[in-house]
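After this come two complexes, each holding chain A, first together with chain B and then together with chain C.
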Partner chain A sequence: MNGIDRGSFLPAGGAPTPISESEQTRQLKSTLLKDIQRSAYVYRVDCGGCNGCEIEIFAAITPIFDAERFGIKVVASPRHADILLFTGAVTRAMLTPAQRAYEAAPNPKICIAYGACGCGGGIFHDLYCVWGGTDKVVPVDVYIPGCPPTPAATLYGFAVALGLLDQKLKAGHHRQGDAERALVAHPGLPLDLCVRIEREARRMVGYRDGRRIADDFLEILAAPANQPLADRVHRYLQTEDDPRLAEVIARLVDVSARPAGQEAP
Partner chain B sequence: MFKLLKTVIKTGEATVRYPFAPLPVSPGFRGKPEYDPTQCIACGACTIACPANALSMATDVEQGTRTWELFLGRCIFCARCEEVCPTRAIALSPEFELAVGNKADLYQRATFTLTACRSCQRPFAPSKEIDYAMALLVHSGLEADAVAEQRAHFETCPECKRHQSIPDSDKLTLGQTTTKGGAL
Partner chain C sequence: MTLSTETRIGRHYVEALRERFPSTVLEEEWQTDDQVTVTVKVNALPEVVEWLYYQQGGWLSVLFGNDERQLHGNYAVYYVLSMEETVKSWVVVRAQVDAGTLEFPSVTPRVPAAVWGEREIRDMYGLIPVGLPDERRLVLPDDWPDGLYPLRKDAMDYRERPAPTTAVETYPFVNDARGETRDVGLGPLHITSDEPGHFRLFVDGETIVDADYRLFYVHRGMEKLAETRMGYDEVTFLSDRVCGICGFTHSVAYTSSVENALGIKAPPRAQMIRSLFLEVERLHSHLLNIGLASHFVGFDTGFMQFFRVREKSMTLAELLTGARKTYGMNLIGGVRRDILKDQRIATLKVVRELRTEVAQLVEMLIETPNLAQRTQGIGILDRKVARDFSPVGPLIRGSGFKRDIRADHHYAGYAQLPFDVKVLDGGDVQSRVLVRVKEFFDSLDLIERALELMPEGPILLEGFDYTPHRFALGFAEAPRGEDIHWSMTGDNQKLFRWRCRAPTYANWPALRYMLRGNTVSDAPLIVASLDPCYSCTDRVTLVDVKKRKSSTIAYTEFERYGRERKHSPLK
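The block that comes next holds the complex of A and B.
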């Protein structure tokens, strides 16, 4: 901890003061990124994560995704690092180690907030023992959301950090227009039938897939009947080729054939 | 040596071409929540379901607006919002390239107007939610004209409805536990 004033890092009034970059460092970083012609070494700083992010980082350097073909290499010491990957929601106990790792890395360095916890505290954001996000502690250059980010998202994040790819996400603010209406799903079918079908499908395969299957089936039901229902259902099942889906659809056909109130045994 | 080379050639290349070619994701992959604000009725079901509080909603009574907000940095891609959304306004897409340099780009917002109660003039529900409820009544088999006639009733807040539904409150006999003006 030579040459570091520990007093300025320690939380005053309940929250840590983020370390700020000097103008010179910022310029150094932009000149480096403008024409980067060497490998970028990554040091991973765990600030109290669940290790899900670590597993994905190591998945990104396996032969399948192979981050090392771009010269991105995970190193064991912050003194060798160009990129610092901060994972975890920054717990109170890991605050000082995170700051020490930041100080130990040579300038210019790129800081990445990795995962939902690193970006904004994630699911732990309002816990008493976390500071809620990397940007509360160090200046962050790139945020990679995800819980955890997939290896492909990690590669993309590195590319954004090194200035090789542009970010795709843009902030948006929609304001309600005049005569803006939400549409009712499946207006051609009676509501109670839609409810019964959706309830049965969700009971059988869970909420998310249940709704998808129910929507597909109701679309088949609502389609103009120039073919018998059995044929249309058969054609739909052929596209998916899944015996579980066939069972669910058979059940839904059964439910749709019965009048309301008469549930299948 | 020869055998090894043969195995190597037969196995081929395992590495994906990802940053240079698009990466196919598995079916059912849960990526960025794709939000359709025109279909949203600002009911707040997703904000209650969201385990990470990535979704939040703030009501501004003064302005008569309700603002929906998604902070993608906190999202854990669980799809609970998609499950509970009654109008299918939010669904998880296969989009996974979400890294940003600017934190502000992780926020997505939508502002909706609230309808003021016909009786007490206080804003109480998003106008789109009332329209959707009426559309559902028509869908359930009621006559469209009959539902439209009831619009004044739907645009009254629950408290005012309660007051209105008490027939001639002056004629009520006050019991031991009710006092005039207190219990109504």
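The block that comes next holds the complex of A and C.
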């Protein structure tokens, strides 16, 4: 079978064994990164993706993002490749083809796990027809996360793979001090009212804009009452000039006027 | 659900069925006012489905099995028919299959469209469709052990991974060549964006005599996942990941199936926003396919230009949903984002830009002689084959059938968004490309109209009740055809059964007939014209029937030949 012992790909005890890399290969790889004087060739291996990743890779190599301007070229065969790009959770049927593609690429080669499924199997990580993420079957050098990663993230990942940029990893730990208390938003207003306002706002415009609009409205509500509420709301709506916002704010005014438990129909 | 009998659309189908087949209908259950499930005697199944299909203007949308032994001791099979002649409604024919014999009569000899569904029922439940002409595996990989049926409730844990039984493919391709053949192995992988698949073309010289293909390399076990690990309200986000290109369509189909089952209605504004996002998704997908059509006829300038313009539709999606792909916007009972003034203005601007730029590109494409030369009369989907196999989307609309779920069955906000279903009669690749071009401009109009007509009110319905063991269909027209989902709730806030049918599933079986009689260099183009979440023509094995020789060629070589038509790989 083309000199490859396919029996060795067979998973032992229900789990595939990742191909291991020798020390020599690792050294060769760093030499490649230092001395590469030409374009880096990428071969794409779909191990069971949904096409979302594939289509974003496509977007990354077409005119707007154009990875080729950095010398990153997608090639047709793993035998030409410097970089192997694995997408999708590795399915049963694709295990052997994926490992054969790995074997076919000349050493030294860089493996990238692409997308949430490529990185760790994603939402499919433990299913009966899936072996898991890319690193379960081949050694992985760079992970590009995302579902799917954007073309910009793809370019960044290529740059990390080629040693041009470092992977951004930041970790911070916060320990709460003795006197430290989490700040409450709108401390001047009863909590129950804030909750009702925010809930109604989210029901009207969704989680993202709902939060923003609720905050705006609660701020108006909490402001010192030099003017009646109706005037302050009116001024706010005039600056924003959005009929949908006016509708939402009218509902919030309605909710704020009612006592708890008497929700608007 | 209690519905007054007057509002039920399509009840005359059931009445006619009772008249035509006396004492065959055992039960009749209405899910919504245009969805009915009729339980028939299992032996009458083929006759009933055939009669509804050919005599009453039905199309077989999906069929699936269900392990209902916990409920009544038997398995069940469901054949979902979309009735589209005079009265448009859904009729689901259900039959119980005895848990001891596991046998039911195959419908495939009478209605060919049932072939893939019945093969899948064999794989997943071990039920035996008696008389099924094609008994090969469909979904499960070759190394899957015999006698282990993943979707049986008592068969296995969803995480169980049985040890492989073989390291080589054992799939028997239907092969007309007699005598010795030689294969040069190449993986089911290739350069262009797409899913893996294995094709075999049986050729005489340059002409394709027959074709066969092995797909499902990326079968992951999503339906089992939805039934075990995830809550029914989390499956919306799983359904977003069924397909990277039309994921939102799947999540609309899924959420509406659960909403139909539980008898709840998302608010009108949420429905309209769903329609709007669906059309945004269609924009990028159609530009993708038109771009690829340019690529496959050797017009790479057009390919790059269409992909340049396509980025605008991706920006539009990001603007509205926060994500370029995999929007994650649906919830049971509504959507997660509203459209405020800024988004509305920006959307209208992008729509205007797209209309101008794509109109210019389309003009350029149509005036390119390559397109007409390479696509006219190529890959013809015969009307008879189309009627037999129930294909969907631009594929069937390019063959003169007016099938579009947006117009046929109401869902999302399409009741307020009337439009003309675009149909062409050519049946060839050119017709399918042109149907997509027309639909692209329709989508732009629909987006504008949806913004104009956007109803007031909330975008999310809360506080509904979850009821066990209720089921219904949900559906949505994806760029490449209809997505059909069937969900049955369980008694544990999870789904008892989820069946999700992507449009390409309905289109593959007809492909074989479209390839016949064409030349090898046209095959990639024909496959791409299905828009099969992108052509799966990799690992093409060519078998020369006369020379009795078979060789496997690289996809890139095959694709190159498709574009240049020089230096045939067959020589």
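Heads up, the rule we're going with is that the second predicted complex is superposed on the first by the 212 of 265 C-alpha atoms of A that agree within 3 Å, B and C clash if a C-alpha of one lies under 4 Å from a C-alpha of the other, contacts with A are read in each partner's own complex, and residues count from 1 in each chain.
What we mean here is this: a contact is a pair of C-beta atoms (placed from the backbone, for glycine too) under 8 Å apart; a residue touches a chain by one contact, two chains touch by 3 or more.
For clarity, every value in this text was computed on a predicted model and none was experimentally measured.
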- Look at A:N107 in the shared chain and tell me whether it touches chain B only, chain C only, both, or neither; answer first, second, both or neither. neither
- Task: Quick one: classify A:A59 as touching chain B (first), chain C (second), both or neither.
- Result: second
- With the two complexes superposed on chain A, say which partner A:Q24 touches: chain B (first), chain C (second), both, or neither. neither
- Report for A:S39: first if it touches chain B alone, second if chain C alone, otherwise both or neither. neither
- Query: Which partner does A:N51 contact after superposing on A: first (chain B), second (chain C), both, neither?
  - Reply: second
- Task: Answer with first, second, both or neither: which of chain B and chain C does A:Q227 touch in the superposed model?
- Result: neither
- Task: Scan A:A153 for contacts with chain B and chain C and give back first, second, both or neither.
- Result: first
- Could you pull out which residues of chain A sit against chain B in one structure and against chain C in the other? 63-64, 122-123, 126, 147, 150, 207-209
- Within their complex, state which residues of chain C touch chain A. 140-144, 150, 156, 158-164, 167-168, 185, 187-191, 193-196, 216-222, 224-225, 229, 237-238, 241-245, 247, 288, 304-305, 307-308, 310-311, 314, 322, 324-326, 335-341, 454, 456, 458-460, 462, 533-534, 554-556
- Query: What does chain A use to touch chain C in their complex?
  - Reply: 1-2, 6-7, 9-11, 13-15, 43-46, 48-59, 62-64, 74-78, 88-89, 91-94, 96-98, 100-101, 122-124, 126-131, 147-148, 150, 202-210, 240-245, 247
- Query: What does chain A use to touch chain B in their complex?
  - Reply: 63-66, 69-70, 113, 116, 119-123, 125-126, 133, 135, 140-147, 149-150, 152-153, 155-157, 159-161, 164-165, 167-177, 180-185, 187, 190-192, 207-209, 211
- Note on the structure: Per the touch rule, the chain B residues reaching chain A in their complex are 14-16, 18-19, 23, 28, 32, 37-41, 51-53, 71-77, 79, 82-84, 87-89, 95-113, 127-128, 131-132, 135-136, 139-141
